[in-house]
């Protein structure tokens, strides 16, 4: 569904992504792991057109089997094509209520009955959100905000869901719950590209994985294989081995 | 050897400047001479505001208030005794009997402005950003209103006129040099770096042990001193001073000079001050001939927008050209 | 000093406050969404006044039509200001945006002087609005009632827009976090343009009111109300629409009451008192009455 070819991205004058290539197939859960500063968030931001690549292509296959060049589209259009991004740090709109956040997620959609249906689905997945529907998002706990962010991304009825470190700052129990919910979402047909520092959980959840190390993909393959790989530890520590 | 060379260069430049002053005083006509004086005063204003707004990042609109305080103080001190009795009946005895020469009057004016900055700064400097701007605007208005209404001391809305025309290039040039020198010294000292850190990230600065309040207050007070002196120079150039002389429009003009030149850059402030004051004067005869007033301002506004679109940090940004930096910077 | 006199002063203060509030809302909405002060906002007021003059007195159009045109004109000018002074500056430091909008303000004022001349023009509303009404000890003209009612209606409409509509959610989301709003598919450019248009429309209507209330307009008219509305928005807390409304009314009331209630010798100190109060409010509440803490936006 998504194919990145030789992507090079600069942030300011820093050369962050030095030519990476990766692929996400329909229905898969793909994990992108690596240490801080490896370029994981940069990759996701470039897919969503918050950043622009210096070189390289991002190809996306739509519902109608058309191939689009995401690197040429504006951010709004990418969302319209079914790519939903759950950003780093959750990014919930603190001043808006839970319900309004979800409305924001469905911003581009016009089909009222469909939106209502999705509200139900999100409340099913995350009952706590229904309880707190009229509370401001800023008053939610970290775990609840993570759920809100994911629910909000789902309101766009995405084909591809991109998540940037959903486990950041959360207690292990909650992380486990969220990852279980992600598996369920995937079972319902949503393709997932997951960026994580918590490599163990990410590899556990995903089918395939890529290891990113200072702007380059150093390893890729089935998650189970990577989990057993010595090199994974090396990627984590940025090149030093124990 | 290199350090000595740069100091030598500066000394030569100053001497050349003084020579230029001598030539100018002799050969230029009155109009051009007064223009050059104004340009010099604007340089002092822009460079001193740069210390407050540029180095430390305070959004202060209060500069003209300090000019007014300094200007009125200087004017009252240099006012001939005979006329004081008539014009300023409300002055205390000791003041009414004295007439002070220009230099001490300017210095006292500057000090009074600094004191005012101290008094004003204590409450107001707790505010940040736009809130600070509005508060300093309030200070400006309050000072204006006070001056207008303390008629016995300031002669109210009529102001003081017939001030001795003491300002000429021999006074303006040295003060420009002093302002530039002090500003330059501060910028490349550890105190200057402290100011910069407060501007960039005050939370981080505080964590490094910087006393935010004192740094900001110092920036305001130092800037105010030179504003006060500039006010005194202005008053004795125009030979008149009224509460409206130092208005909000002037505040904006100086802020524009600092920002367009590059907030934090001394060179930027100087260049912008010169360019703006010269260009505005340039348009005046054209406006009068064509009878279309406002053209000059439109043009200046376009220039401002144009410069800021291509260089949003101002012409020089926060830096100085390499030539003008100290050798170890 | 009778109760009637005080009530009269309060009414006057509310009318002035209505106008300040309408303009302050625009300031605060624009600041809320792009973190920049629109200095040219006050001049939209002036344009609204002149459009009213042109259409009502010179062309003699019916009042309701003129009002609609004024709203449209204000929206249009707001959009122009966004395009010229703010879109190129996105991402620049705050003070830069302040200066470009100041430049646009200077241009608008001077273009006004060039094309219309600096002479103040007289302005009169149609007869039926000039009627004198009496409620108990308070007397006011029909104009005043219309001004207050219109202001309240517009403010209510605005709050509905911001709280209940999809566009409103988009505006608030963009104001909170521009990048995440883009991830929702919100078109940032259009949302910002909408903000400027709405703010401009409100300011233009304030101009219509100003002309009707004070009877005389000139191209530099926008400067003082613009400044005072900016102050009002700050008192209320920049970025907060209810704050701007409160700030506008507080400022309007303070201005009128200081002159009306204190002995006449203090009248000249009015502006000083008003600003002194402002500074006191800010000292107690450094983020204004309803403001959130200032976030930095790169």
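As written, the chains take the letters A, B and C, and residue 1 is the first residue of each chain.
Keep in mind that, in the parts below, a residue touches a chain if its C-beta (ideal position, glycine included) is under 8 Å from a C-beta of that chain, and two chains touch if they have at least 3 such contacts.
Predicted model, so just to flag it, every value in this text is computed and none were measured.
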{"item": "Interface with the most contact pairs, given as the two chains involved", "value": "B-C"}
{"item": "Chain whose Cα centroid lies nearest the overall Cα centroid", "value": "C"}
{"item": "Whole-Å separation of chain centres (CA-atom averages), chain A against chain B", "value": "54"}
{"item": "Distance from the mean Cα position of chain C to that of chain B, given in whole angstrom", "value": "32"}
{"item": "Inter-centroid spacing, chain C versus chain A (mean Cα positions, whole Å)", "value": "43"}
{"item": "Shared interface positions of chain C, touching two or more other chains", "value": "none"}
{"item": "Chain A-facing residues of chain C, complex", "value": "166, 169-170, 172-173, 176-177, 179-187, 292"}
{"item": "Contacting residues of chain B [partner chain C, same complex]", "value": "53, 59, 123-124, 126-131, 134-135, 137-139, 141-142, 145-146, 148-149, 248, 252, 255-256, 259-260, 263, 292-295, 297-298, 300-302, 304-305, 308-309, 312-314"}
{"item": "Residue ranges of chain C touching chain B (in the complex, touch as defined)", "value": "31, 37, 84-85, 88-89, 91-96, 99-100, 102-104, 106-107, 109-111, 113-114, 118, 227, 230-231, 234, 238, 268-269, 271-272, 275-276, 278-279, 282-283, 286-288, 294"}
{"item": "Of all residues in chain A, those that touch chain C in their complex", "value": "48, 50, 75-76, 79-80, 84-85, 87, 91, 93-96, 100, 103-105, 107-108, 152, 156"}
